[in-house]
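Two complexes, one shared chain (subunit A), two partners (subunit B, subunit C).
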Partner chain A sequence: MIATIARKEFIELIRDGRFRWAAAIVLALLVTALLAGAYYQRDLVKQQRAAQAAEQARWYDQGSKNPHSAAHYGLYAFKPRLAPAFLDPGVEPYTGIAVWLEAHKQNETIFRPSEDATVAQRFGDMTVALVLQTVVPLVIIMLGFNTFAGERERGTLRQLLSVGLRARDLATGKLLGSAAALALIAGPAILLGATTIALIGPAGGELRFMLLAVAYLLYLGIFLFLTLAVSARSSSSRLALVVLLAFWAVNCLLAPRIMSDFAAELHPLPEGVAFKARLQAALHDPAGPSIMMRDRTAELLHRYRVTREQDLPLNLAGLSLQVGEDYGYEVFGKFYNELYAPMEAQVGLLQRAAALFPQLGIQAISMGLAGTDLAQHRDFTRAAEEHRRAELKVINDDILEHPVKAGDMHFGDHDLWAKVPAFRYQAPAVGWVLSNHALTFVLLVLWFGLAACFAWTGAARLRPL
Partner chain B sequence: MLRDPAFWAVLVFGIVALCVALVNGERWRSHLNDVRAAAAQQDASARAVARTMANRIDRGQQPASVFDPRNAFVYGDYLMSHFAILPATPLAALTVGQSDLLPSALPLAPGRQPSLADGAEPENPHRLLIGRFDTAFAVIYLFPLLIIGLSYALLAGERERGTLALLLAQPLTLQSLFAGKILPRVLVIGGLLLALAAISAAGVPIAAWPRLAVWFAIAIAYAVFWFGLTATVVTRRGNTSTHAVTLAAAWLGLTLLLPTLVNLAIKTMVPVPSRIELILASRAATDQATAERSQLLGAFYEDHPDLAPAGSGPNHGADFITLQLVTAQRVERDLAPVLARFSHQLARQRRLVEKLKFLSPALLAQSAFADAAGTGSARYDWFFEQVRAHHSDLRGFFEPRVLSKEMFTAWDDVPSFNYVEEESSSVVARIMLAVGALLCAAFGFSLLSWLALRRQSLV
Partner chain C sequence: MLRTEHLTKRFNSFTAVDDLCLNVAAGEIFALLGPNGAGKTTTINCFLGFLAPDQGRVLVDGLDVNTHALETKRRLAYIPEQVNLYGHFSGVENLAYFNELGGARHDDVTLRKFLCEAGLQADAHDRRVSHYSKGMRQKVGIAMALAKSAKALILDEPTSGLDPSASHEFTVLLQRFAATGAAVLMATHDLFHAKQVANRVGIVRHGKLVHALTAAELSDADLERLYLEVMESGQP
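Then we have the complex of A and B:
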């Protein structure tokens, strides 16, 4: 019986002009988004790799020079892009693409792509994420709002129930039928996506893709269940439609902005100009490194069992530079924390708001799995900073170990540069991403469960009038 | 209509949304004003610090360090806090526009080329992605929804209840019935906009009223556009649900999807080269200039024989600062064509978006709103042109003082940046085109719905 209902629902849907139009539009949008995303992805990955290799070679081949000059010369670290990023570029337009690792300064990433874009960029990119988060839910609502309410209005619901059909069988059949019709859109889309991914690579993102697919199925499932639930409970299809459209508009459009502004009210960022001035003042505070310098010098005197600095077989300029850096690490750590802690709190609040609006949940998870959320940008900057510190340690130790007579100069050469390992960024594992988004995932599953219950009970109490 | 709960829901929702948006925008505007104040204060305090420090060094209370404020090069590039401040327009609270992405106070130093990428306020990229809930957002996204919510069942609703035939039994044409039904809805939305305009007008100085008037001209034209579109849909055959679905799809397409497609088209048709290229080019140029330093210096001293030191050797006896200057000049010259390519492509993008924005009323309205409020790209371009001119003044001031190596004490004589506002008339002229386009489209829609009403049989 369920199969018959499902088949009827399916056939009715695919014969519906609205369905054909919707399917055609959704598929066209998906193809556009996929092609555009894949095209940029291929370009970006290629460019990033070539640039990193060139920079690395530049570091190793910088010839013989004063080691501290080499530290100033530094290295550019370019942010690599994970394969799934083309499905959801996330915060990428608003974060820099590279960071200069130089002596004395923990620089911020530079060149945000949005600075090279027009006002249209503020409306976002045409991406698979946009289609799945916003367009497909609307399609589900459009196709499903009169599933029950329509039958009720036409009076066919009374007929169906009067022949002894159980309401739940009817509901299950209808659910399967609409899901099958939607699968007609989803099937080619997934196939297309998989092909694109296989063609562009780089491989390694498979697990992330699969989890992304699961998350999106959950999210779209929520909409399917809610649509059926509301349709079963509404007295008219018009009411069902209005309720569903209102939910959709609030969820997809209003909720992100309202919650984001609310999060910023709760966790404000420091004002920029004064912040930078305070940072500079702290960095140039002569009292800062002087205690550290005294202690470390004392330590060295003790280790070499001498009493006077000039008796040390070392160049204390190296120590002074390293102490300056160590003090800088402290200051930068403190200040960047002041800047990023509120940002992370804001993002955390947006994630928890998934309890109210599933859109915020899928947005966070999608960006997380695509490797384009704030946390993963921060992870890249952390890795880059670690490389900078390792490099400076090598350089400053070398200066320390090579005492020079007055007027003499010590030069570093290829052997010294080669002591610094090449910069290779390893993106965090999927487990790390999932642990960041565990609560959001739970909330999404809860939404799914509640929506399913809502649909189930609605169908059980189906009234013909 | 007054007895309809949906009407009240729409009205209350509209009012609440506008209030939230206004408060939100005003808070952002005051934050940006804090930034500007902090910049001005920073500028003054850096000068004061320089003077005190120089005094102490002169009196022998403090040894002269590398960071000696009496050295023009050190002061200009390291100690000075010099900003080009873009004042807020009173309307900035209505449209955040690009002001969360671009600087309100741009830090400048003679040795560094100015760039709009410097000095942007620290902001959560996640929030930049989502966008803000400002009044422009409320008008662009929510007002169409309010209009649709009020009007989607205009004729079909009566038809479905069977009251349409009853009404038309009166001496009444379908057109006048329709006009009579849509008019109160127009008044509600118009009333909301007028109330908003009155509140805003009370909050801004009279000098800003022309811009305010233009802002509301856009808002009204935009609302009229959506009324026209809604009328066209609801006067067609079909039931209320079909109309609601069609309108929702139109809203999705015009406000959310089309702008992203325009964005895609622009990026594909006029791609801006990757900044990765710029980084590599600047590294290569720096290497090149460093390698050719001694030739560069030779050429430099040929041009400026008065500055040549007596010494000789690989660096012609030049000091660190002259070396820096010569190298930087060379790097800048090498990079100029690369940077020109970027700005050329960006300008082409700008021109393309000026054309393509007419495809989407939302994009059209957003850029016009930002333009009117002074937070759009046009005003930042205008600002940046002045910044560039000022930067060359700054260089003109510092360079001879750096090269002469005389004691520098002119901390207060550094030319300051004075922003000159664009003429309101040219802003208005730019925006009127957008308003005209929206009204034209609205007129077309009205014509369509009028024809549809004429053709329709009565029941």
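Then we have the complex of A and C:
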């Protein structure tokens, strides 16, 4: 009986011109977003690989020069893109995708696509994530708001219940039929996404893509259940449509903006100019490195069993530079923590707000699995900073180990540059991402369960009168 | 086959059906006459299990509707004033769908045979129902009852809005259906149609059955006079 209802519901939707148009529009939007994202990703990955190789070659081939000059010469580290990143660019357009590694400074990431955005792009990029998070729920509402309310209005519900049909069987059949019709949109979209990922790479994003598909099916399932629930409980299809559209507008349009503003108000970032001024003041505080320099010099004197600095077989300029860096690490660490702490608190608040608005949950999970959320951005900057520190240690140790007479200068060569390993960034494992978003996943599953219960109980109470 | 025992149904302080006792035997057509608000549709809703009685019992084939909801519905066919079908489906598809939900399964040929028996032209079977007239929809409703082998048929204002020819065709179909041994309970405003088709006529007012007579006992003029007397008397 349930299969009969599901089959009828499916055929009825397919024959409905509204469904055909909606499916065509959604598929066109998804294909456009997929192709645009894939094209951008392919281009970006190619450019990044070429730039990273050129940077490395430039580093190795910089010729003979003072090692500290080489440290200032610096090099770029690029955040490698994960395959599913083209589905959801996340925070990358605002945080940037490359960092300039040089002596004395822990730079912020640069090359932010948003800086190059045209005026039209201020209205938002057409991404697969946007279509799935905003457009498809609207299509589900438009197709499903009259599922039960319409039956009641047309009088077919009375006809159905008069033949001895149980309301729950009707609800289950309708749910399966609607889901099958929506699968006609979701199926090709998932297949196309998987094919695009396989074609453009980089490899290794399959698991993330599959989990993304599951998360989006969960999110869209919430909308399907809510639509059926509201339709079952509404006295008219017009009322059902108004209620569902109001929920859609609040969830998909208002909540992301209002909650972001609220989070920013609750956890404000440090004021930019004052923050930079304080950072500079702390970096240039002479008291900080001088104590560190005194202690480390004393340690070297003790190790080499001498009492005067000039008797050390070392170039203390190298020590001074390293001490300056070590002091800088502490200062940068403290200040960047101060900067990131409110950002992470804001993100945490937005994730918890998924308890009220599922859109915020899927947004967070989507960015996480695409590798474009704040946590993974921070992980990249941490890895880049570790690389910078390793590079400076190699350089400063080389300076330290090469004492020079007054007026002379030590030069580094290719062998020294080759001691600095190429920057290789390994994105966090899927397990790490999932653990970051465990609460959000739980909230989405709860939404799904509650929406299903809401639909189930609503359908069980269906009355034809 | 269709029976109410002291059926009473109230909506807050309004009593829609008041101690109603009815019995429609197999093969009989019983017309329930009355003005709007007399309790005809409420009685039908009680037979369909859409409303629970406040007092009394409603029985179909000896089974209480309240305690045997699914079983009684399996024995019933219901044709409302407007047979509501799915516009994107053809007549035969609608029949197949409702038939399967009612627990019966027939092949395509048999379903078409039922449609033909119900008077629907073969060339209309595969046309979408959205293009059907009201009379054609009513015929699909009759075909549903035939396909279900229903023991009882309940109709709510079935000929309202039908042209005389379609109404006559429908009357013939009903009589043919009753001749198979099914009980037919029909709520209507149409005195003359009721007289023409029914074996017995009941007149209800304020939820009470005030007269129940066989059609043979009444001439058209008697029925009209009786009906108007009841309506104008202000009391049952």
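Quick note on the criterion: the second predicted complex is superposed on the first by the 465 of 465 C-alpha atoms of A that agree within 3 Å, B and C clash if a C-alpha of one lies under 4 Å from a C-alpha of the other, contacts with A are read in each partner's own complex, and residues count from 1 in each chain.
By our rule, a residue touches a chain if its C-beta (ideal position, glycine included) is under 8 Å from a C-beta of that chain, and two chains touch if they have at least 3 such contacts.
Treat the numbers as computed from the prediction; the structure is a model and nothing was measured.
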item: Partner chain in contact with A:48 - subunit B first, subunit C second, else both or neither; value: first
item: Subunit B versus subunit C as contact partner of A:379, first or second or both or neither; value: neither
item: Partner chain(s) touched by A:237 [first = subunit B, second = subunit C, both, neither]; value: first
item: Touching partner for A:391 - first (subunit B), second (subunit C), both, neither; value: neither
item: Subunit B versus subunit C as contact partner of A:325, first or second or both or neither; value: neither
item: Touching partner for A:261 - first (subunit B), second (subunit C), both, neither; value: first
item: Touching partner for A:145 - first (subunit B), second (subunit C), both, neither; value: first
item: Partner chain in contact with A:164 - subunit B first, subunit C second, else both or neither; value: second
item: Partner subunit B, residues of subunit A touching it in the complex; value: 18, 29, 32, 36, 43-44, 47-48, 51, 54-55, 58, 76, 78, 90-91, 93-95, 97-98, 110-127, 130, 134-135, 138, 142, 145-146, 237-238, 241-242, 245, 249, 253-254, 256-258, 260-261, 263-264, 269-275, 277, 284, 339, 342-343, 346-347, 350, 373-374, 377
item: Residues on subunit C engaged by subunit A in the complex (per definition of touch); value: 45, 48, 50-51, 69-70, 73-74, 76, 78, 80, 82-86, 88-89, 97-98, 100-103, 148
item: Residue numbers on subunit A that touch subunit C, as the complex places them; value: 1, 4-5, 8, 11-12, 15-16, 154-156, 158-166, 463-465
item: List of subunit B residues in touch with subunit A within their complex; value: 6, 20, 24, 31, 34-35, 38-39, 42, 67, 81, 83, 98, 101-102, 105, 116-117, 119-133, 137, 141-142, 145, 149, 153, 240-241, 244-245, 248-249, 252, 256-257, 259-264, 266-268, 272, 274-280, 283, 287, 342, 346, 349-350, 352-353, 356-357, 362-363, 366-367, 370, 376-377
